[in-house]
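Read through the structures below before going on.
Here chain A shows up in two complexes: once beside chain B, once beside chain C.
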Partner chain A sequence: MSEKFDITNIAKLASISLSDDEKQKLSSDLSVILDHVQALSNLELDTNIEDVYIHPLEKELVLDQDVEKPSLTHDEALSNAPKASDGKFIVPPSLE
Partner chain B sequence: MDLLNLSIRELNNLFVNKKAKPSELYSEVFDRSASSEAALHAHLSLFEETNLKKAKNSDQRFSNSENVGLLDGIPLAIKDNINIKNEKTTCSSKMLSNFISPYNATVISKLDTEQAIYTGKTNLDEFAMGSSTENSAFGLTRNPWNTDYVPGGSSGGSAASVASRSSIAALGSDTGGSIRQPASFCGLVGFKPTYGTVSRYGLIAFASSLDQIGPISKSVDDARIIYSAISGHDSLDSTSINDEQIDMPFDKNATIGIVKELMEDGISEESKKEVDKVINILKQKGFNIKEVSLPLIKLSISIYYLIAPAECSANLARFDGVRYGLRVDGKTSYEMMENTRAEGFGDEVKRRILLGTYALSAGYYDEYYGKALRARKKMVDEFSSIFKECDYLISPTTPTEAFKAGEKTSNPLEMYMSDLCTIPANLAGLPAISIPTGLSSSNLPLGVQIMSKPLTDNSLLNFSEMLEKELDFNRTPEGWSK
Partner chain C sequence: MNLKPTIGIETHIELNTNTKMFCRCKVVDTEEPNISLCPTCIGLPGALPVPNEKAIRYITLLALATGCAITKKGMFHRKNYFYPDLPKNYQISQFDLPVGENGKLEIVIDNEKDYVEIERVHMEEDTGKSSHEGTGRIDSATSTSLDFNRSGVPLVEIVTKPVIQSSKVAVAYIEELRQLAIDLDISEGKLEKGNLRFDANISVAPSESDELGTKVEIKNMNSLRSLERAIDYEIKRQSSAIENGESIIQETRHWDESKETTTSMRSKEGSADYRYFSDPDLPNMVLSDEFVNQVKDSLPPLPHENRNKLVETGLDLSDANVLSKSEKWILELYFEVFDNTKDSKATFNWITGELQGQMRKLEIKSLPEWFSPAFLSDVIKLIDENKISFTSGKVILEELIQKDTTPDDVAKKLDLYQENDESAISEIVNEVIKDNQDIVERIKNGEDKLVGFMVGQIIKSSGGSINPGIAKEILSKELNL
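== the complex of A and B ==
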């Protein structure tokens, strides 16, 4: 199990930069956890994934009607932004 | 007058009969919560001024004999992953250390309607991931029964607040036992309602198919009053349900199941003895008792630690340094995101995000997440089958009493095992409650858990209240009783 675990690739997928020490520690922790969950691999399961609900009471998720309702104001939505200007979120460039 | 040890109904009775005022209660509660901070650190923020004004408004309503509810003027502590408008919601994370919520969670809007008062926000394991409240970026919380020990988690701040009488009751959230386990460690009642009966709108999401909000309180009746106020359908939560409650017998016509797998290896003798004590009471009262087996419970930690991290890795993708929270600069947007998440998240949160990312990644989805979902479905079917024979299932709430601070921090898997008894109810969406039963040989509280089938919350509370009267625990930790 742990042989397959490429911590550098997983950290990239999760958008978290890790130091070498962190990579070593987290790889070791995750190997222990993945070995534990391996207990599921021997389980005989006849249920198809299509028959599995996300809601544990097997209810369909209900989406709200698509109608305009009072919501946060523009200023409220920007109130916690680390950087905003002229009513917009400001981010660094996506390409170098 | 000693108001801090009274129940919500007793306090309301004093207010209605003009023998005490909500502002007097609020002052006592505020003094206690402020003075307990040095020893316990249950709270991340306390709201003195705004709430003293609210308490005085409550005084006026009782003075005018207006038609007020049971929660009018009652000071409640709120776990700091539930949004209160214009107050900080930090989730005990550096990521959100300065986040001010621009809106109320639905449970807060509902408590506002009842005129409840908030003492402050309580400490938790970062983003509710943990079982000891040691994973907080703002320092650990200690157990009021013995400050060398943890209060449990992740709602450890809420439990320590109520146990030290720094609030009358509190709200917590429970994804794998985070209400019931700290309630048990602190000698309190902790109730996780049926999935979907309490809206999570405004609760910062951890694992959406498992998260539920519920009360931590001194008595079952207090839990019932709060549950009644916060439950109900909400179109803002797509998992919210509108189904009627199902009535079940809670007298000797009820059949009680003892869960065999939760009375075996890994459970301490003292925890088992508390279950035996409860069973003896039920036998004397003429209840029909039987041992039942749910074999998949043995795999519940494995199922949970694939589903919860997978959902957490998706939910916490929103913390990217763009719209709110911490930002650590980088040359590009991607570098900024990677730097922000490296700095903003603590070790346990990173561990779970990476585990979840792996379980969902191409090539492993079916092997891990898909398999866990199907195993969960099989466990739900096992519970459905058992509930054809039994009305209530009894087990210990926790494998042991509270553990010492630092005891399990270096071994994540050992920490995860402390939720062995509570996780199955989250996986199956069941209502489950922990009630205090007695003290261990180390003078730390122990509790039992009772589960019942979905939508029987009210009957479960009635059954638990009957047991609570027989057990007559009603103890305050030494040093916090007056």
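== the complex of A and C ==
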């Protein structure tokens, strides 16, 4: 296990199960990536975050008017559901 | 050990837009499941979110009304977690560049102004609704069923700084925030419908300590009453744990309404566990000065401004607070009636006491269209001028709510006008004195309380048309008391 992160916890958060071999391989891959990205922390950035915040897209966000547009019918929306009942999607029990 | 509680509140307000936050599916208020969905709000691959201009306008209104600084170049982030009511496996929310920051909200506590500092106001989307099918107990559920009609409905989250000291202040804060949302016309503000939902972060620390104690988040409070009781319970629980030398665990606890206790839900995820990152589908959101100024210009009178206006009419702050949290027509009615009567207290009492009381009794929600504000000021003036009794005023009001008539017509029809002609009253008073010589004798010998009996006799023989105060005055004069 790397000191920088807990691969088991990351796997849990991503909701994937990893074998010990996979954990080892992904840990070393992730370490390389993190070291690479680490270079960024050497940059001196302006303290005004609003000025330096850069989104991958340079475009500005376009907003849409609050006017209803046709959407899926009830049957279309449920057509990909693994299981449905009484008009609802049914999934395995999931509790907080 | 002297301990002090510190509370911070996170409130979610569902906006009353026509369509959802990131798609143009209609926001529906129905039990019929899954009827307003599209690829975006059920998280189908390839669907792209497009923000709702009106929702952005509404959150800007709220941020300005709470005195927040507006973030001119903001952005949306993905908050990642797995739960079936969140079909994309992330919620579009805001992280370090919320729409508004560092505001405050004025509240009224015991006839005094107080302020709750606001940390941030940010935009996000609601989740779907899940219900657990099975045999009773929640942990024995056999499946989870999902309705995504609510998925993607615009939600504003308002987070206070940890500055609230008691459940009383917490309740006043929620009441104020709810009224603000209603006055801004950005939400229905109905707690019972889930338009406004809140969680509380509570910690307890030694009074002299500058640091806060370990914070515990309380969820599942569905009413102001449960908010108040959950906070009081949690302060007590933490205080006695600290006094017993136990440590407080950082966790989320669930308010159990029937048992009136909080129980541990699960250990709280740290914010890093949500793995926030900027949503690549949504570029920087730039709120231009022009847009912000335009929103500012459209701000309606705010609750605290209404209170200031009400206090100027002579009401105390706590009465002004009651009216500032009433329906709009009541506030308008107050000002119209006050304009005529110039009597703030009587106007307040008649509206909030008699008028609303009778409307509740008659189970009517709004005044009939024939009911003019002038009716109420006429009734108040007739009482002030001793032309009718207080009781007659109530009778007249009840008639006015139910029939298309006027105060004068009712007073005449029911013979409610009091005799104010002094000579006519004197005549009746002398008549009663003549018939009750023995009582008069006893009054003259010092039995003061019999004056009340005499006044009663006078009113009785006038058929109720004499004002008791005037009757007493004339009686005293006639008997040289």
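By our rule, the second predicted complex is superposed on the first by the 82 of 96 C-alpha atoms of A that agree within 3 Å, B and C clash if a C-alpha of one lies under 4 Å from a C-alpha of the other, contacts with A are read in each partner's own complex, and residues count from 1 in each chain.
The rule is simple: contacts are C-beta pairs under 8 Å (C-beta built on N, C-alpha and C of every residue); 3 or more make two chains touch, one makes a residue touch a chain.
Since this is a predicted model, take the numbers as computed values, not measurements.
Trainee: After lining up the shared chain so the two structures overlap, which partner does A:P92 touch, if you call chain B first and chain C second: first, second, both or neither?
Mentor: both
Trainee: Considering only the touch criterion stated at the top, classify A:I7 as touching first (chain B), second (chain C), both, or neither.
Mentor: First partner only, chain B.
Trainee: Tell me the contact category for A:D29 with respect to chain B and chain C: first, second, both or neither.
Mentor: Once the two structures are laid over each other on A, A:D29 reaches chain B alone.
Trainee: So, does A:V67 touch the first partner chain B, the second partner chain C, both, or neither?
Mentor: Touch status of A:V67: second partner only.
Trainee: Once the two structures are fitted together, what part of chain A is touched by chain B and by chain C alike?
Mentor: 13, 15, 49, 53, 55-59, 61-65, 72, 77, 80, 83, 89, 91-96
Trainee: Write out the stretch or stretches of chain A touching chain B in their complex.
Mentor: 5, 7, 10-11, 13-18, 22, 26, 29-30, 32-34, 36-41, 43, 45, 47-49, 51-59, 61-65, 72, 76-77, 79-83, 89, 91-96
Trainee: Taking the touch rule as given, give the residues of chain C at its contact with chain A in the complex, in rising order.
Mentor: 17-19, 23-26, 32-39, 42, 44, 50-56, 71-73, 75, 80, 82-84, 96-97, 130, 132-134, 138-139, 141-148, 265-266, 273, 275, 278, 280, 282-286
Trainee: If you look only at chain A, which of its residues touch chain C in the complex?
Mentor: 13, 15, 49-50, 53, 55-69, 71-72, 74, 77-78, 80, 83, 85-96
Trainee: Which part of chain B faces chain A closely enough to touch in the complex?
Mentor: Listed in rising order, the residues of chain B that touch chain A are 98-100, 102-103, 194-196, 208-210, 235-236, 238-241, 299, 301-303, 305-306, 313, 317, 320-327, 329-339, 341-342, 345, 350-351, 353-355, 357-358, 361, 366-368, 370-378, 380, 412-413, 416, 426-429, 454.
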